[in-house]
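Two complexes are shown next, each including chain A; its partner changes from chain B in the first to chain C in the second.
Let's turn to the complex of A and B:
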């Protein structure tokens, strides 16, 4: 009986064209047996209160990391804290949301009026930065799950030649710039998409990301924390702020006695040598240097901007909507034959092609403008890094660079003064 | 700590303090700016069943395996058909429960006899992989009572949902965690 009806309907539909959204082809039954319709179950999302727990734990962990790196000077404590963070923020919370990616939520909220940022996203972005401003990179020392997973595999760190380190160190700036551009224009969150360790935290992910993460961890045995130093976009912001932090980690608890024992103690090459005493630069030379700087800087920025402004096509290719629009256009003009997965299913939606084309054009315009700004920013970064325009540092002692030091505490025990301090502490404890 | 070691405030310390102030100002500025663009509730990802075209990517693109997207059934628009276009292969000759006659690749749809001629279809979520084959069948030949949803007891709420980035129908969006489903049928009408 039903069967016949179906055949009839199918025949009917094949005449008028099948609509996926059609409902009520069949009357809803009236049950004689009084059967009650089951309800759709709607298991809830994670309770908001758990979000507050995350924020509270973040604050506690940041405070603890600051205390352990600055006051208690305990590498062991930092390591334990790192393992806790790895377990909680990494494996338990499955890596989302994390501070490294939160900058994208901020950008999206700034530029997309439909998006409002949840409190958690804002807190995870802001809190580590505030701590960096006062206590150095406490976040990297023992709170960031990405840092923590790399920290456990630092076994045989080697030194990276300084020029190479400087060159690789520019990647995070580019990464940050592109991520901010893509987030602001609504293209997507690349920091999340290319997070190398989140697949481990979830025990699953795309094969490519698992391989990438595995390779990074393997490289991390020798090149300590490669993601932190040569990729992490959030590290750029943390570095900017911790450069001016009120308190920062020192290798020696006391005065430096120039014994050079700590020279190679930092696996991240973050310990600066003393700058040799030089006669102050003659005034005329200083002025000339400044003039050259002022001339070269705008050229770098403009050149970068010009290149960036031309990159909107390759950049927009990353966006699925733009890609689909371009392909649809080709298909309609006859320059491409056949349908791709995207165009075929886009046509199934019944959305107007013009809609898609307009959206795509709009996004490309934004990317072009953003490309100029991004290029200018990258030009500025390269210029100041390689033309020696960075602030000239003067220091008589060995000590961690406050911008690149990850506050891990590995160098403490290389300092003979630290051993003295510990002996005194123990002695003091014994006497009382 | 560096401060403890310096005897008298030098020009360098002063500059540092100045820059620190600037940094703090920037952070406060961003936070204050965000204050207006903030929401108290959290957001989660959901797909709009009216936009979904059952392309199959929900099954393959989720970071979880099997996917956090599952088929759900709006019983109140179901016709309780004997020959269910979501349950049976189009080629099925007999409307029995033999696996080769079922559309679902994992046999996740369970059917129970209610009364002549009505059967009820329920999804066993632990088996469903979110491929949408049944949804397509039901939408094309039935009442469209089967549809896909992100199930929040499974979804880990990625900051950037990987299915959302790959969905050709642009069906995914962020919704409030307090109303995390976009349902069909009567229970769905309440959402608007």
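Let's turn to the complex of A and C:
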């Protein structure tokens, strides 16, 4: 299996090289000699039925991932499923539509009555969440192509300090908030734009995104699935729902014998330890901290909202139309001389200047309200994280954290009880 | 057993050694390849083979010395060299990418094998101290939150992003307003404020223009001046000032000439009132850049061009405001002239993409109303006053329609036209006349319902010898149609019956004008055909300009102002 994995890495990384070919910087020359350039052709539209095939395969893959992680407890099966998903949803479907980005389609559909969300977009957003509610993060286990491509390169995972991991774990919340805000206001789909692996799936992309994706994969050798843990906005939603999942992955198929062998098996630091028997900090100190946190929380939310609301102008510049509008305004007012490529192009379209300015001003106003909500949300996230760390929870056994566990099944074989179960399945004798 | 163990151990050591060696070599290879590939990529981003300094210099020299074959060959050779250099660099990056991928794959494979061989049996580590970890995590979280807040605050205060707001009056540059005085009806009809005169109807009264002159012999010509840039726009006159437009790919301009001497009083370039608005790549071949005529009301002069820009200036040539209403999507070029009525500038912007009628405030350029239209046309709006209310009447490739000047509301519409509509409408005595080549000529009687609703009904239809460019002109009894092939047709306004047809040697693009009881029709060769209104054709004169002409003349007092292909003429005539 290790050999197969290595071969796969070779194939995968060759994509980096191939994608470098897709560079074309010059307009095609016109030849006086009569040489006729070949016609540029565009591929035809994809057959509608393939959209249903995608949805059907997604359902099958989610069901299979749930079965393999909960019932069969097969790491090998999950790995094979991951490779299939990588090949189909990644390379064949070229990473689109993916569930991670579908959240933006949903938000745009909710806030823009002119946008009709395709059935595929809706299904790819909803189905993994429904499965998370019942079976944990089966989607992350072997269906997500972004997760699968990173899973392949996990060779020498190291554990990063838990406090740092928890801090980095807040980034997806910020990313989700910004992505939702941008999608809802029509500014853009940043999750798609900054998808680090789509350039590999499509055998082409910007140099910067190739480097970003390459660096993430290189980091992924040591820090397992960094995008999933420290960037993925969809993971936030999956984590929320999987907290309430009816069935969750367990390390041991039986009672935990507290052997602690599973501790290092999880490269994602998703195994919760049992509460130690050492004396906790004085109760009064804990209560005081909790009270202060609760009191400070509204202030943090308001402060975050206040700053977020004022970030509307810099945030709006992510939208090229707003940038163009601002520049045109300067040109019209005489505070900028000459015109840029964008303003020149805009004027050549014949669109009325005030239409652009009105639309841009409207977008900035929406971003102001949205910025308040985003800032407040981020304040809430940090306070909630602080609050969560201030509350002492009691657990007796080692086991996967239902929110952060990616259901990859790496911990199964670290448990002696699992070996016992497998022996029984093979008919190899009784308990040790 | 011991021998097996030793053999396994040897094999293990050999594999580990090999793997570490391969990992080391491939790692070094990856590093070197990476540096070279990135360096080449960065270099490629910085060079521009199309604008190589030496090449550009040589091309500039060749432009002044186009017969220099040696220089031509040198340019070709250098061009090949710089292109080759660039594409070879690109090939190096591609090869580097491939080598990098292979190197990385080998490195990871070797590393993976090494890790596998050196993997030790898992052992539980020391027990953690969750409370201490949580305390550190709280500190990290708090610090992270504070840093994020500070970053957000810094972005707010350091960003130079600016608030976008709508520009006053729809994207124009506002200068100081000029003192404004609404012109009286008498003033309007005494002057020539638009294409085809007052209300753009082709009728002029209380003037006594000459019958005879000769441009080639310089007889009856008071003055003749060259117009700086070409254009098909016709002269518009207020008081002692004549306004014209001209333009080419380089520049579009508004000119003001002295009606007395022909001196060019001022020139306002289109750009003067705008801030770097750019023209479309090329004008329509037929219309050119400056086919639409200006309009004035004695306070403001308004002009438009094939660029889709509307510019306004004072009578002294001071830019007042400008507005871009869209680049006309029009295969012959934009040709619809402007008209001003009661402080409203009416713009018939009938293009293929977004046809519409716009009403702009003459003082500010502010969009007062906009009416979406259906189809393209090359005609111009006319104003009619019916039952005390002003209507703007438009013709297009499907219909003749009237709109309220005040609100833009469509008052009536007759779908009776077809083809590419060039002629504008004419009006006389409660009847609107419209025509187009390969379509029909119609007389449309205006009606008023009991509730005061304005309507229209087609009185008659005539289907022969129809104009494709020149607009009709009507008296209370007859309507005159000037054909581009040279036919002049006179129809009875009551029933559309033919009164007479006369064939002239040349065709007509300029529209015929009614002055008192005479029709002045300027043909393409610049010969003015003058005949009396009446039930039969009676020539009153035939005077040559000596220059080809596609415009409509302007009539003030006892003078005629004509724009020829190159010159502007003031005709006073011979006795």
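Quick note on the criterion: the second predicted complex is superposed on the first by the 358 of 432 C-alpha atoms of A that agree within 3 Å, B and C clash if a C-alpha of one lies under 4 Å from a C-alpha of the other, contacts with A are read in each partner's own complex, and residues count from 1 in each chain.
Throughout what follows, contacts are C-beta pairs under 8 Å (C-beta built on N, C-alpha and C of every residue); 3 or more make two chains touch, one makes a residue touch a chain.
None of the values given here were measured: they were computed from a predicted structure.
Contacts of A:163 after superposition: chain C is touched, whereas chain B is not reached. Once the two complexes are overlaid on the shared chain, A:364 sits against chain C while remaining clear of chain B. Judged by the touch definition given at the top, the superposed model places A:109 against chain B, while chain C stays out of reach. Residue contacts after overlaying the shared chain place A:284 against neither chain B nor chain C.
Contacts of A:294 after superposition on the shared chain: neither chain B nor chain C is touched. Contacts of A:189 after superposition: chain B is touched, whereas chain C is not reached.
In the overlay built on the shared chain, the residue A:155 is in contact with chain C alone; chain B does not reach it. By the touch criterion defined above, A:49 lies against neither chain B nor chain C after alignment on the C-alpha atoms of chain A.
Residues 2, 6, 9-10, 13, 18, 20-21, 23, 26, 344, 348-349, 351 of chain A contact both chain B in one complex and chain C in the other. By the touch rule above, chain C contacts chain A in their complex via residues 41, 49-50, 90, 93-94, 96-102, 104-106, 108-109, 111-113, 115-116, 122, 124-125, 127-131, 133-134, 136-145, 148-149, 152-153, 155-156, 159, 161-167, 170-171, 173, 275-278, 280, 308, 324-329, 353-354. Only residues 2, 5-6, 9-10, 13-21, 23, 26, 153, 155-156, 161-164, 166-167, 170, 174, 207, 221, 259-261, 263-265, 273, 275-276, 278, 280-281, 300, 303-304, 307-308, 310-311, 313-314, 316-317, 322, 325-326, 329-334, 337-339, 343-344, 347-354, 357-358, 360-361, 364, 375, 378-379, 382, 385-386, 389-390, 392, 414 of chain A touch chain C when the two sit together in their complex. On the side of chain B, the complex with chain A involves touching residues 1-3, 5, 12, 16-17, 19-20, 23-24, 27, 30-31, 33-34, 37-44, 50-51, 53-55, 63-65, 72-83, 85, 95, 114-115, 117-118, 120, 122, 136, 139-145, 151-153, 155-160, 162, 165-166, 168-170, 174, 177, 180-181, 183, 185, 187. By the touch rule above, chain A contacts chain B in their complex via residues 1-3, 6, 9-10, 13, 18, 20-29, 31-33, 35, 37-46, 48, 51, 70, 94, 96-98, 101-102, 104-106, 109-110, 115-122, 126, 129-130, 133, 188-189, 192-193, 198-199, 202, 204-206, 240-241, 243-248, 250, 255, 320-321, 324, 341-342, 344-346, 348-349, 351, 394, 399, 402.
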